[in-house]
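Presented below is the structure to which this report refers.
Chain lettering (A, B, C and D) follows the sequence in which the chains are written, and residue indices restart at 1 in each chain.
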Amino acid sequence: MKVLVIGDIVARPGRTAVLERIEDLRERYKADLIIANVENLAGGYSITPPLVEELLAVGVDVMTSGNHIFDKREAIAYINQQPKLLRPANYPPGTPGNGMWVGQVNGVGVAVINLIGRVFMGPADDPFRAADALLRELDPSVRVRLVDFHAEATSEKCALGWYLDGRVSAIFGTHTHVQTADERILPQGTAYITDIGMTGSHAGVIGMDRDDVIARFLTVTHRRLESAKGDVRICGIALDIDEQTGRARGISRFAIKHES
Amino acid sequence: MKVLVIGDIVARPGRTAVLERIEDLRERYKADLIIANVENLAGGYSITPPLVEELLAVGVDVMTSGNHIFDKREAIAYINQQPKLLRPANYPPGTPGNGMWVGQVNGVGVAVINLIGRVFMGPADDPFRAADALLRELDPSVRVRLVDFHAEATSEKCALGWYLDGRVSAIFGTHTHVQTADERILPQGTAYITDIGMTGSHAGVIGMDRDDVIARFLTVTHRRLESAKGDVRICGIALDIDEQTGRARGISRFAIKHES
Amino acid sequence: MKVLVIGDIVARPGRTAVLERIEDLRERYKADLIIANVENLAGGYSITPPLVEELLAVGVDVMTSGNHIFDKREAIAYINQQPKLLRPANYPPGTPGNGMWVGQVNGVGVAVINLIGRVFMGPADDPFRAADALLRELDPSVRVRLVDFHAEATSEKCALGWYLDGRVSAIFGTHTHVQTADERILPQGTAYITDIGMTGSHAGVIGMDRDDVIARFLTVTHRRLESAKGDVRICGIALDIDEQTGRARGISRFAIKHES
Amino acid sequence: MKVLVIGDIVARPGRTAVLERIEDLRERYKADLIIANVENLAGGYSITPPLVEELLAVGVDVMTSGNHIFDKREAIAYINQQPKLLRPANYPPGTPGNGMWVGQVNGVGVAVINLIGRVFMGPADDPFRAADALLRELDPSVRVRLVDFHAEATSEKCALGWYLDGRVSAIFGTHTHVQTADERILPQGTAYITDIGMTGSHAGVIGMDRDDVIARFLTVTHRRLESAKGDVRICGIALDIDEQTGRARGISRFAIKHES
């Protein structure tokens, strides 16, 4: 199974690029399944239902998210009625929405899991134990298992990678918005990358206007933080998974420049 | 001028690889200048004078560091007598050692600057203003200017990159130990990459034994943290700098597998 | 000289209490000078000019602040024209407003200094060195010197207390909104207390509605944070300073219940 | 039931004071039960078995702890055989030792619970849900319930206080080493105080040598951190609990100067 994973889509530049290029990408990678992280979809913060539905309409199959997913109130109500939109599974019990999606792709069972880290981030339940619990509850026949670990610290991401090696098909990081160059297949067959990067304008700082971000580092009075424009790139990974064993056969990064 | 920059050398595996491969690397990249980050040189923490001198002996020209540089007491005394070993320039006044090295390479003035970030790290002086001050005090005839920004957060690293665009030849990140895939030359001629990665064993978690690191995430009782062994890689970048203008002509990443 | 210092005034309950009781307090403590921390004056966040002027009108002499002072845009413009409203002195150069007020009280020179901590808080310049610099620039004839150290960690607050012992008349902490019971006069004559507490409703959590705060600890979806109502108390300290030497003769805490 | 709670005992000065004064204290407060926080018992870090047994021998009934409890290896083995020594209950499953002690005091069922906070501290399980779970599993006939919440942030401590109001007899904070002046009985009968303070030398900074602590704030090279000496005080609270209802009748602070 070929899986395409698109990194944090930030604001209009990211959305437009995905909408305009998704067909190209699907063909280029012969994707059977397309996953996208959407925590920054709406102006950089959270989602709106129409923006999620626009992505579903063009063929994004499952959406993952992270710390910004509930920044907009409308996301809270909507997520309960949209099983294809995940939030971190290790948020506290009672959090709206789900942290795992299980479905069929061309007749093959697939699970997509979303977890969030705790180092340099807000409190959450232990992602290691949360992963254990999700994998325990998962029907063993579901061999293709894909994990978006939304986290800051390289140590936590890499440690969870090793911890899940041989138990999932792939674990890929999101949240830092900068793609890392460490993609590989771990010894027990799990594809791993610390961060798949960000989809949006790379003319700024992690998707936001660079003058705004610089001003926030230089002063204590600057508040505005607009999304950046220009130099739009779609970042992500393409995975090739053995459907029988669930082991990864390949992982490759992409950072495709998009000119509209 | 061709510059080779080697990312955080971690413990014996990293050191051995550098010692055994530095001649290859110098030739492959026709390096006029070799810089290495050594904050993790001695067992993962700080340096010892003999280990630094071993690197100098094989041709490392300037060494940068970061938050671990003073973990060993002997580093504190030694750094004052070794101008080729830097510590972050934005550490408080009175900190032993220097944060900038200025010298001649093939008759061309070169400055190497070491800065440390503040987001998700211990307190330090403002790296943006520290950079301004260092560049102000620098003789304008020194056009080749190379900055190691030892920092955690992608936003802080990327923001300082833009802030220094056109004022330095290159700014490269260290500290996360994971190489990023975002190397580029910014519009005003500054080469930039968020992190150049780690030199040492990639069989662990950021250079340390993976079972130890996992145990530290799973428990509150695990203390031991040995360096990892196996799958040794030398990570870094090769820069090509126009000596007249100080602008970067090229930046390329490497992650060279080393088998001894 | 008798000095009254009123801890972080939070929202309407805090303001109303101060307005209604300031005359009582002034008489009770024979106050020659009244200082109040106003970082939470307007709904819990920052100030508005009319609210500051209301306090000036009833006799608050100098106002200090902290991390919330610039939460409202109007504070940024206003602070430059209101020398009696301070912001942390160790904010970066160029920050609007001042971190020290120097004036005469009954013919005696007085300095009020505002500093902010760095442990568990946003980046700022070193408060220890900032204090050194301010004291160096201060006319030595100004013997009465009062420092509001707005900080989170007890270690940082207590350390600055010892660091300034004998150099200022008093250093008192703000920011945690909980009054500490450790007021004392240090050996060299400096009055010290880790936190003077909060002025506002004590029916909540640090001045905010308790159900809102609890919901923010239990969930990741709760956003609203209203100020609390009921059980209003005015917290602060009364200082007695020897005007000749600048040494403290006395420090006493108060937490006065206010029923309107 | 009269309960005496002694705040974080730090190093030899704190231990000596407790050993020499415990009889006085027991009599003064007619204590039926004595609890002490011992996370800093041995040189400021963790415990040793003989030091714990020394406290048991003089009549400390139950010991709570916090983030430093496992700093010494010997604590890890010992805690499993010493049910009177608690560690935070919301440490991960599998952590040695227990987070709750249940026993009889003069024929009355008593529970002592130890929890740790998450704000500005290392990751842990949610203390709010952990408290819920412990109280659910507790025999309802155990009415006297005492909670040591070892936490940094006033907001988290105060929020858990309100959350448990009416469900426990008392919740008292530890960890900041500075006693707060906000002791009170909440409306549903739970005694509350944000921090009961530290037992040891108050001539330093939170029990450690003040020159060492100041040096660590001023420099990046200072490592040594000895415990302080002199101005020894025993800090804590005395509780009066109605044994029938489990409601608190009284809470009073003490900070007793000890001269040996």
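Everything below uses one rule, namely that a contact is a pair of C-beta atoms (placed from the backbone, for glycine too) under 8 Å apart; a residue touches a chain by one contact, two chains touch by 3 or more.
Protein names from UniProt, one per chain: A, B, C, D = Metallophosphoesterase, MG_246/BB_0505 family.
If you're wondering where the values come from, they're calculated on a predicted model, not measured in any experiment.
Novice: Expressed in steps between touching chains, what is the minimal separation of chain A and chain D?
Specialist: Minimum step count, chain A to chain D: 1.
Novice: Taking all residue numbers used at the chain A/chain B interface, answer same if over half belong to both copies and different if under half do.
Specialist: same
Novice: Is the C-beta contact count larger for B-C or for A-C?
Specialist: A-C
Novice: Out of B-D, B-C or C-D, find the interface that copies A-D, where copy means more than half of the contact pairs are identical.
Specialist: Of the listed pairs B-D, B-C or C-D, the one copying the A-D interface is B-C.
Novice: Which whole number of Å gives the spacing of the CA centres of chain A and chain C?
Specialist: 44
Novice: Could you tell me the distance, in whole angstrom, between the mean C-alpha positions of chain A and chain B?
Specialist: Whole-Å distance between the two chain centres: 30.
Novice: Where in chain D do residues touch two or more of the other chains?
Specialist: Only 92, 126, 129, 218 qualify.
Novice: For the complex, give me every residue of chain C touching chain D.
Specialist: These residues of chain C touch chain D: 120, 126, 128-129, 152-156, 158-160, 162-163, 176-182, 194-195, 197, 202, 205-206, 210, 213-214, 217-218, 253, 255.
Novice: What residues of chain B sit close enough to touch chain C in their complex?
Specialist: 92-93, 118-119, 123, 125-126, 129
Novice: Which residues of chain B touch chain D in the complex?
Specialist: By the definition above, chain B touches chain D via 70, 73, 76, 91-92, 94-96, 122, 124, 218-221, 223.
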